[in-house]
Amino acid sequence: MIGTNVPRKEGIPKVTGAALYIDDMVFDELLHGATIRSTVPHGTLVDVHFEGDLPWDEFVVVRASDVPGDNVVTMIESDQPFLADGRIMHAGEAVVLIAHADKDLVARARKHVRLEITPLEPVLSIADSVAKKATLYAKDNAFKRFLVEKGSTKDAFKADGLTIVEGEYTTGAQEQLYIEPNGMVAIASEKEGVTIWGSLQCPYYVHKALVPLFGLGADNVRIVQATTGGGFGGKEEFPSIIAGHAALLSWKAGGKPVKLIYDRAEDMWVTTKRHPSITRHKTAIDAKGKLVAMEVDFRIDGGAYATLSSVVLSRGTIHACGPYACPNQRITAAAMATNHPPHGAFRGFGAPQSIFGLERHLDRCAAAVGLTPDEFRRRNLLKPGQTTATHQVIEEKIDLPAMLDLALKRSDWAKKREAFEVENAKEGARIKRGIGLASFFHGSGFTGSGEVYLASVVGVRARQGGTIEILASSTEIGQGTNTIFAQIASEALNIPYEWIQIANPDTANVPDSGPTVASRTCMVVGKLVERGCRQLVDALRKGGFLAGDGYDAKQFARACDAYIFRHGKLEATTTYTPPPGVEWDEKRYRGSAYAAYGWAVYVAEVSVDMLTWEARVEHFTAVQDIGKVIHPVLAAGQVEGGVTQGIGFALYEDVVWRDGSMINNQMTNYIIPTAADVPPIDVVFHEVPFAHGPSGAKGVGELPMDGPAPAILNAIEHATGLSITSLPAAPEVIMAAALKNAAEATHG
Amino acid sequence: MADPKPANANKAAGPKTKAVKAATSGSSKSKAKPSATATGKIPMTLSVNGKSLKVEAFPMARLLDVLRESLDLTGTKEGCGEGECGACSVFMDGRLVNSCLVPVLQATTAKIVTIEGVADGNKLQPIQETFITEGGAQCGICTPGMILAAIALLKKHPQPTDAQIREGLSGNLCRCTGYMKIFDSVRVAAERALANEGASTP
Amino acid sequence: MKPFDYAIAKHLAGATSTVSDGWTPKAGGIDLLDRLKERIDDTEKVVSVVGLKELSRLTVEDGHLVVGANLTLAQLALSDLVRKHLHGLAEAAGDAATPQVRARATLAGNLLQRPRCEYFRQAELSCLKRGADHCGAAAGDNETHALFGAGKCSAVHASNLAPVLVAAGASVVVAGTKHRREIPAGKLAVYDDSNLGRESALRPGEVMVEARVPLGVTGSAWREARRRQSFDWPLAGCAVVQRGSAWGVAFGGVAPVPWLAKSVAAALERGGDVGAALDAMLATAVPPKTGRYRLKLLRQVALDTIAAVQKQGAK
């Protein structure tokens, strides 16, 4: 069962059009909502004017003063209001909500609510935030700072005979661009409480945010996931706001259902994106090509409110020195406040940013000491028993040099590298080719003590006839949660896959198994599913319902029936406990940052048209260790999807800002890869089972997002000799680098 | 006769000015009192998935909205509303089009097929099966449009080359799969069709 | 979307009389529906011309290839007749947008589409064409704006079929209630600094009927550079048409109208230095701040297109 390609659980409704997404659900007496937003990035709200020849008395209108409980989005900090009242902190910030039964009328009316705002000086870059152009948060505009230190870089840099390489690397914002826009339907009233249906990743995040918004008891708020058309982090924290808005409108409308669906332009304008970043490196390498000291400064643009920036910063920080052994490492990091819409969760969660800087920098380090990129990495890759920047001793049985060799062999690295260099050197070669790599890791599950604090719970319930229901709040968002949970349960119970059913995430029916984020669903929650199933079998054995060592499905079914007949029900509940040896010191930011990591070596082959400056990825090789692979087709799908988003991040996806707003907020001008843009992707799993994962599995979701961008830009440098240090490497960026190179060459 | 045929007077001919007036019922009113937008809907018949269905709709309503809201055929999805993502693809007289860019009145003379009309009762088409077995469907929001695009592609090129697959699916965006598993789904469906052909014609 | 009055024209005469009453003609509706959805177009009366046989001709008569205004890009891309007599037009049609869009988008719609400038396309942003007091693109994101011929407005003409017709010396037949006339393809798109809303030579009440291309084309091609391989508009495009020893060259996506490159054509005709002619022409460009790189792009696209046509001639 584990390692086989069983059919996706919800496959049939998805291929017949029967699956119900939020906009497909039908409600009687439905009102359509809309959000009126600031168009200035920073200011003071003076007044709201309802203009135009519109029947305003027919509309439901909600402002901050209508909020029944706390007007604050409960997350890590409590600084973000559901509806702005007084200070405007970013363009796109919600100020007024309106609803009406006539959808066309709502669309027209939203253009006739005028917000009178006195503008204030906005802060629209990390540099301006650091320089305190305006004070937005605390005294220094920093939502969070981290310091990670091992050994002493200061002392290490003093030694003789070292090669020192410095560099700065920047990444821009990236939009998740799930194909289903965000949307929610709410029914809310004092009498009935609040019920939400929606497109979301984390039902209990929404629950946590809505309880204080209405000042209700936890039992009076219910969150139900509709079929969700992609998330990638974009439906992690933001849905709480949309759910709150829809519920506020419904509350004011006396409990009529209110639908709030964003169109594409609104979704791209106001919802979260990947944090823009700046990474600075200073690295010392000895004569043998060994890393002696690494200093990293990592900064991200958090946007206008704290939201999840501190945890995104944390993950980016911990991954900033990569899977390399180095005795002296020092990482400083800061998440800065700006007047951009808050940046948020996006697959990789800070790691793709810091790993981009690191892996680009290491190619430059290799060149500085006269080594090839592969040989330089081979000399420095972590081995079991060595430590990461946070002093975590690697106990997984990894063999990174073997993975590197495998990737080089699969991609025909050595031969291609040589052949490309010969071809590229020919006079007037218009198309230049290059090959580049990145080696990296990605921690599975929440950082540090995060999983202990989360204390996730999973329920397993047997029914008459031996069918099993898995109860968890982990959501199916396309990645295959339902399928792998059923496989894990089927394996643990030794009964057919078809007998396992996954309960729909509904906070009235399932326990809190934590959010569907951080590559944790398979490894952490899957392990709870496995344990719950084992507990169920134990209960059957202890009660004498199952005899002997083995049993078949029929015997299991009879045992369940007998148990339920005697006790009324058969259920097991399991709560997370950390694997042994996983300890974390939050104060010094030291210890086991993650119980396990995914490890990978990616190789990109590119061509660059030296006249049009277009770069294309021609072939991609992705070798990774994600532990035991539960479902090869789904796992490969995760890798290919992540690599393609990484190709977009590397070459195409550019959020264009103007006065704090994204102005290319349409699919026509925000460019993601199409079927015509993707190369063949060779996916290879180097399976090293992890002792504490379900059947040896770890996480896979985010890892593939981390490596493509640096591998591609390293390949572009190999092809052209141009060192691009910012993303995306669009034609104008490559051309600018070429012109700069040419100018420098002429000036000697 | 040089008359345009007004939308809501299918049978009535008559002077052009009058006909046009008839078509504009409610427009001057709707300016003064926008809530009067309900006027102007006209009855029409659509042929969808082999059935003849009567609806009332604004003539310029998007075919997408009429399918979803009036006919409860919600398998056709809206990803962008601008013809870029292909999630709203349907067949009109065998041609694959974006239903978000088709005014419903223009669809009244066409045979429309949506994703709901692809399977034969409970029996899935091979391309639907391969989207499940080969991993072509992940979150599923692009899947209905993608399957229709794949059907159009296989109709044109029963044994497509890689380049033909890429070109044929280039009007449908997917953010989950990186397209590889979708290509596989198309390839395997084509292979099975070829094998079946071989089996039936010895 | 706001409610509309909608009529279906049954004859060309019905269409012209309705259009002369102020109705907006619609064929595929690709661009019009997009503008209506974004509420940047106030049209309240729409007449469909999609079924008109008079607009759907594809034939050779009187020494001309006749291409109906209603033919879809998919039809043009696949037509043997078009490929034979003006290969570049089939190439341009096949390059545009996506298969779904090409199934509905028409020749007339492509030629008369309004600019893709995002300041024009988004009701929230400032655009002179929509009556704002300033142009948001002037100080904003204008990478894809005009390299040549900009005035107060620097949005480019986005059609990739128009430059092919211009380079081919084609003309466009339009009809009003009581007249028909031919407009040279090079005069169809208009940039009028004093009336930015006017973008074509069609007079109120006129409907495009067909394009007419004189026979005798011995080679033709369209090439364009864009950011991704599907669904994008050209950053720079070039049409080249050869008629024996005579050449026509027109650029697309780089000026408010298809931009005729006479000096380049002249260099080709006299066997001169085409690269130098291109360079001289590019030296007259006034590119937007972030769009300078497109000059190099355009140069290369032009050379590629010329090479493609020369290769056809060599066969």
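Observations
By letter and in written order, the chains are A, B and C; residue numbering begins at 1 in each of them.
In the analysis below, contacts are C-beta pairs under 8 Å (C-beta built on N, C-alpha and C of every residue); 3 or more make two chains touch, one makes a residue touch a chain.
Predicted, not measured: the structure shown is a model, and the values here were computed from it.
A count of C-beta contacts for the chain pairs A-B and B-C puts A-B on top. Among the chains, the centre nearest to the mean of all shown protein C-alpha atoms is found for A.
In this assembly, the C-alpha centroid of chain A lies 42 Å from the C-alpha centroid of chain C. Chain A and chain B have centres, each the mean of its CA atoms, that are 33 Å apart.
Centroids of chain B and chain C (each the mean of its C-alpha atoms) stand 27 Å apart. Residue positions of chain A touching 2 or more other chains, listed in rising order: 104, 108, 666, 668, 673-676. Taken residue by residue, chain C touches two or more other chains at 1-3, 229-231, whereas all remaining positions touch fewer. Annotation for chain B: residues touching 2 or more other chains are 37, 81-82, 84, 167, 170, 172. Note for the complex: chain C touches chain A at residues 1-3, 39, 116, 118, 121-125, 136, 140-141, 143, 225, 227-233, 235, 290-291, 293, 296-297, 299-301.
The part of chain A that touches chain C in the complex is made up of residues 39, 104, 107-108, 111, 265, 611-614, 652, 656, 658, 663-664, 666, 668-669, 671, 673-677, 730-732, 735-736. By the touch criterion stated above, chain B contacts chain C in their complex at residues 1-7, 16, 19-20, 23-24, 26-27, 30, 37, 40, 58-62, 81-84, 86, 89, 95-98, 100-103, 105-106, 149, 152, 167-168, 170-172. For chain C in complex with chain B, the residues that touch the partner chain are 1-11, 13-15, 17-18, 21, 26, 28-30, 33-34, 36-37, 44-48, 50, 74, 97-101, 103-104, 229-231.
Chain A makes touch with chain B in their complex at residues 5, 7-8, 10-21, 23-24, 26, 53-55, 58, 102, 104-105, 108, 176-181, 227-232, 263-264, 477-480, 633-634, 636-637, 640-645, 666-668, 672-676, 678, 680-681.
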